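Note that the chains take the letters A, B, C and D in the order they are written out, and that residue 1 is the start of every chain.
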Amino acid sequence: IERWANTAIIGFTHLQPAEPTTLGYRLAQYGFDLLTDLTELRRVRDGIRGKGFKGAVGTSASYGELLSASIAAPDAAEPQQQWSAAQLEQAVMSAIGLEPFPVATQTYPRKQDWLVVNALAGLAGSLHKFAFDLRLLQAPSLGELAEPFGAKQVGSSAMPFKRNPINAENIDSLARFVATLPRVTWDNAANSLLERTLDDSANRREVLPAAFLAADEILRRANRLIRDLRVDEEAMARNLEKYGTFAATERVLMSAVKQGANRQEMHEVIREHSLAAWAEIAQGHANPLPVRLFNDDRVTRYLTLAQITYLLDASHYVGDAPERAIKMARQIRAQLGEPL
Amino acid sequence: IERWANTAIIGFTHLQPAEPTTLGYRLAQYGFDLLTDLTELRRVRDGIRGKGFKGAVGTSASYGELLSASIAAPDAAEPQQQWSAAQLEQAVMSAIGLEPFPVATQTYPRKQDWLVVNALAGLAGSLHKFAFDLRLLQAPSLGELAEPFGAKQVGSSAMPFKRNPINAENIDSLARFVATLPRVTWDNAANSLLERTLDDSANRREVLPAAFLAADEILRRANRLIRDLRVDEEAMARNLEKYGTFAATERVLMSAVKQGANRQEMHEVIREHSLAAWAEIAQGHANPLPVRLFNDDRVTRYLTLAQITYLLDASHYVGDAPERAIKMARQIRAQLGEPL
Amino acid sequence: IERWANTAIIGFTHLQPAEPTTLGYRLAQYGFDLLTDLTELRRVRDGIRGKGFKGAVGTSASYGELLSASIAAPDAAEPQQQWSAAQLEQAVMSAIGLEPFPVATQTYPRKQDWLVVNALAGLAGSLHKFAFDLRLLQAPSLGELAEPFGAKQVGSSAMPFKRNPINAENIDSLARFVATLPRVTWDNAANSLLERTLDDSANRREVLPAAFLAADEILRRANRLIRDLRVDEEAMARNLEKYGTFAATERVLMSAVKQGANRQEMHEVIREHSLAAWAEIAQGHANPLPVRLFNDDRVTRYLTLAQITYLLDASHYVGDAPERAIKMARQIRAQLGEPL
Amino acid sequence: IERWANTAIIGFTHLQPAEPTTLGYRLAQYGFDLLTDLTELRRVRDGIRGKGFKGAVGTSASYGELLSASIAAPDAAEPQQQWSAAQLEQAVMSAIGLEPFPVATQTYPRKQDWLVVNALAGLAGSLHKFAFDLRLLQAPSLGELAEPFGAKQVGSSAMPFKRNPINAENIDSLARFVATLPRVTWDNAANSLLERTLDDSANRREVLPAAFLAADEILRRANRLIRDLRVDEEAMARNLEKYGTFAATERVLMSAVKQGANRQEMHEVIREHSLAAWAEIAQGHANPLPVRLFNDDRVTRYLTLAQITYLLDASHYVGDAPERAIKMARQIRAQLGEPL
């Protein structure tokens, strides 16, 4: 994030070029989502409890009897016990290092499974978005980012631009699977009738390991992708110049108006040049927009060439994206500094 | 919970009578699940943020320009601003009383919707279980609990036992619907590509209100059910006597063995009487198990009639269920004491 | 179905006793659902096609070239081919015995996976209902049906009524899992972009085998349950007498009115006896309703004792359930007679 | 489909340019998916049945009584009826024009709802894919297809390339919602216990209309998109030239080898030129690959300039895509010719 905080790129909304942003700021969005996931995962992990030792319906009744020295009987004031069932539970669970649930039936509340699988699904969702964005940006028509590929992986020899984003596709595929699993755990929690029914058991053996294994594989691949992500700065600059210049005409308009231009007229002037310029770009020519504005005295009456050039440079039009990106990077570092 | 903490009932596992527990302890399980939901809902609510004011791709670029007094230009050292875009955002958002996201694109991260709808689905799941249990216990074959019904609602005149648990069925129906909605919000979060795509908008208008409205209706009905729940203590005692006595033979066994009986032999004796007793009950007779044991000197050799009577009374065989129930009730009160 | 077509049982709506039906008719409902599944499964199976041989984007372009004897060139009238690509495909696919899709991209349309997994989920749903009903009826408070259990499986020795329906619970558990899998295949079909993206591959390896394996296990267990299902006719008769007599008062009312009784008055008479009778039953006594009616001359004025007895016998009040059940059984046999 | 059956375009796999195909063939894929949906929808529609008239638990018992002229009594040989309940049902249902289910409980089997909503979800899935492809192709970096937009909708004046695919996004959004609804109907079918429970009612009122309304809106928008779809043939040709030429080098290789070239050496020659050519394209230059091959006598030794030109023209490299597209179009017309 920090390394690319100032690298201006063209932002996309609706998969259409919109206004400039910076690569670092885009990465910061992924970072923020993952930070949310991390917080959820830590919270869920720290809240995990064991059922404890409470017997067949959670009352500890038989433990109480077993721990009692003498026969429970109506005449016995109170059966003397060295240990209560609750004390036994506390002792064993603290040896295991797991907090027991304060109440339970034959099993612990299955809501816990749901919270765990949900947290994994959240993580899968964040990486699904990251991987999908990567797949779009790796298309040669944009070509800004690419999955790492080994020296041997020469790609298709005849089609040098072809680099299939197979890791990102794999992440999206598994994420989609993980996203369906919380529903099973919800069903288990919502349908465990009275002191428990056994209709959770068979699917838990499938769903719980599957959720962890798939999340693990997603993380493993995402980690590799992020570590060795190929960033093509030339392609970024090219796309920014191609699309961002148009976005930057908004600045030319605002500045010219501040210098006294009529907003309505100036808007029309810029629109006319934009349409013509795009027609040329669409045919594969270089972006003629700056030159067109330089040569129109309806524009130069208000702005110098240097001003126009500066204003059209979309890489300056990124607002506070760099600062926000860097701030987010620091926040993430702070969170990761904590012992996980 | 507190009122029924000591009311012994027969607990069910696999929908089969198991060991005794108490009504208050069973209610405490619902209470604990709902407490978890409350914690989740509060946490999610407190974490809700607004997008803030960050413009079309989240960079605040145009706000920065608009706030600038003079033309942004290469020769200007730094455009003088009275306010930065971030300061403006902070001012407006604090007037609204909503924290802004530190980073955003054209929209706030859709993961927030997912967290919100998940919390609602969690609530729906807890009440699904409660309502399903109620439906089972309201069946006249058990008849322990029943939905409230008004004076006018006489039920079927010819079938006086027939009381359809329509509120509980309604809760289960809606809960099942709410349980599918998180998936839509996951999709929205995981597929909002680059600086946003608009493929979230149409379904959000359906899903977000539907989740809140359904959860609200579930709560409204559950509230009514719980407030005026009809508890049939006679039926509870009847069921406990019918099934619990058998569970309590475990205590007779343990006590007789403590008094010197041979475990193997005593086990066989009890088994024989249990089988015979159940056969009679199944034909509609009263439970003959206590009398059978009283009359068998293989048993009375070790235990007095008073001891057998005490041990067979399943209502004493509830372990620390009452204490745990009361403790949970106090914990819930403590949580609700906080301003919601 | 046929064996039990005439065995009257009490039917339940809202988990409350309603009117009588027959065991065979209830089984016929399961049969009808399963017949629907069978039809779907057969239809989907018969419609399965292979991609065929169509190359990297489905155009067969390279096959065309390879099959061409000479250089494709502008001056060649038409490259002479012994075989067209389509002929090659037809030859190979008919050797495999699989119809090829008429059009395809790099893969066959993923909608096919969705149809297959849906058909499996439908089967799982029908058996989920069957298994859940069995779990309810196996509860000792009803005790009408039970899972088979081996000679060794003595159940809990002290609790002779306790027979956990573990196979039925297992079926419900797996069914719930299978029910979530169609969504993954929908995603694969709906998101396979342009001539294919690889975001289906990883989860298909998980989902397709899981769906078949779980459906297979569900079938295996259901098969065993159905083959050796334990039917307790005594319990059925007991429950029918207990609840069905009340339902049958509707017939007494209708018949008395036909004999000239005032509908309003007779309704009140019956209601009064019903309430009193249920109060006794609830305390464990035998059903006193018939005797109460015999002794009330407001009733006997219109109907003889024999008529009342006949009318109150709920086992005659099953309408055309037996015929419909037998007809359904024949329909199922007819379908299964076809080569599967 | 037919109009564009011969219009060569570059096909994409993994969102990466692959081999050429034709626009008509791509459309034929959508057509085939929709044809499958149509078949499913028609089949489900034709199979829809009503519950019929079968009373509270499906036995028609009370209808039978009501239709009987005299008192049902033990001495009556057979109660004389003018009509049987089944005859009444048949008469009424045929007046309604709906086949009754052969067996039913208090309701018709809820599996029918599941089949209906599934068919709608299938339709939504096919249009999801179509709409997503459109969103990708409408990105100005490809620019091959675009949503229609009215005369007034000038798009962003300053960014003439910006045309947000809002209808396609809307379709994808709603489709994602429809895709979750089958699960609710599955639950209703799988959990309608014994002769029916009412836990389906509340959510059916939400889910069934929502599924139809959303599917209808999806169809309405898709219909508009398809009718007035903007096809940019220039952009298609440009992209084909840019990427397809590389794919076509495979043909140059095959032909040169047929003329005696060494496969290994020729492969290396082509690879070298491809890499160099792509580097130039990436910098915005025209595709220099043909010229590079013309000037290399390692190539021209085997192939004439006319042959190379012909072979490199990817628009000839579409195999039997045109024929298959036209055949599919005919098949669709045939299906639609049937009265819907």
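Observations
Just so we're on the same page, contacts are C-beta pairs under 8 Å (C-beta built on N, C-alpha and C of every residue); 3 or more make two chains touch, one makes a residue touch a chain.
Model, not experiment: these values are computed from the prediction.
Set against one another, C-D and B-C show the most C-beta pairs in contact at C-D. For the pair chain B and chain C, the distance between mean C-alpha positions equals 29 Å.
Put simply, the C-alpha centre of chain A and that of chain C have 41 angstrom between them. The distance from the centre of chain C to the centre of chain D, each centre being the mean of the chain's C-alpha atoms, comes to 30 Å.
Residue positions 13-15, 18, 135-136, 164, 166, 169, 180, 183, 187, 191, 197-198, 250 of chain A are each in touch with at least two other chains. Taken chain by chain, the contacts link every pair, so each chain touches all the others.
Considering their complex, residues 12-18, 135-136, 138-143, 157-166, 169, 183, 234-235, 238-239, 243, 246-247, 249-250, 253, 267, 270-271, 274-275, 278, 281-284, 286 of chain C touch chain B. Against chain B, the residues of chain D that register as touching in their complex are 135, 164, 166, 169-170, 172-174, 176-177, 180-181, 183-184, 187-188, 191, 197-204, 206-207, 210, 214, 217. Across the complex, chain D meets chain C through its residues 11-15, 18-22, 25-26, 28-29, 31-33, 36, 40, 54-66, 70-75, 84-86, 101-106, 109, 111, 114-115, 118, 121-122, 124-126, 128-129, 132-133, 136-137, 175, 179-180, 182-183, 186-187, 189-198, 250-251, 254-255, 258-259, 306-307, 310-311, 316-321, 323-325, 327-328, 331.
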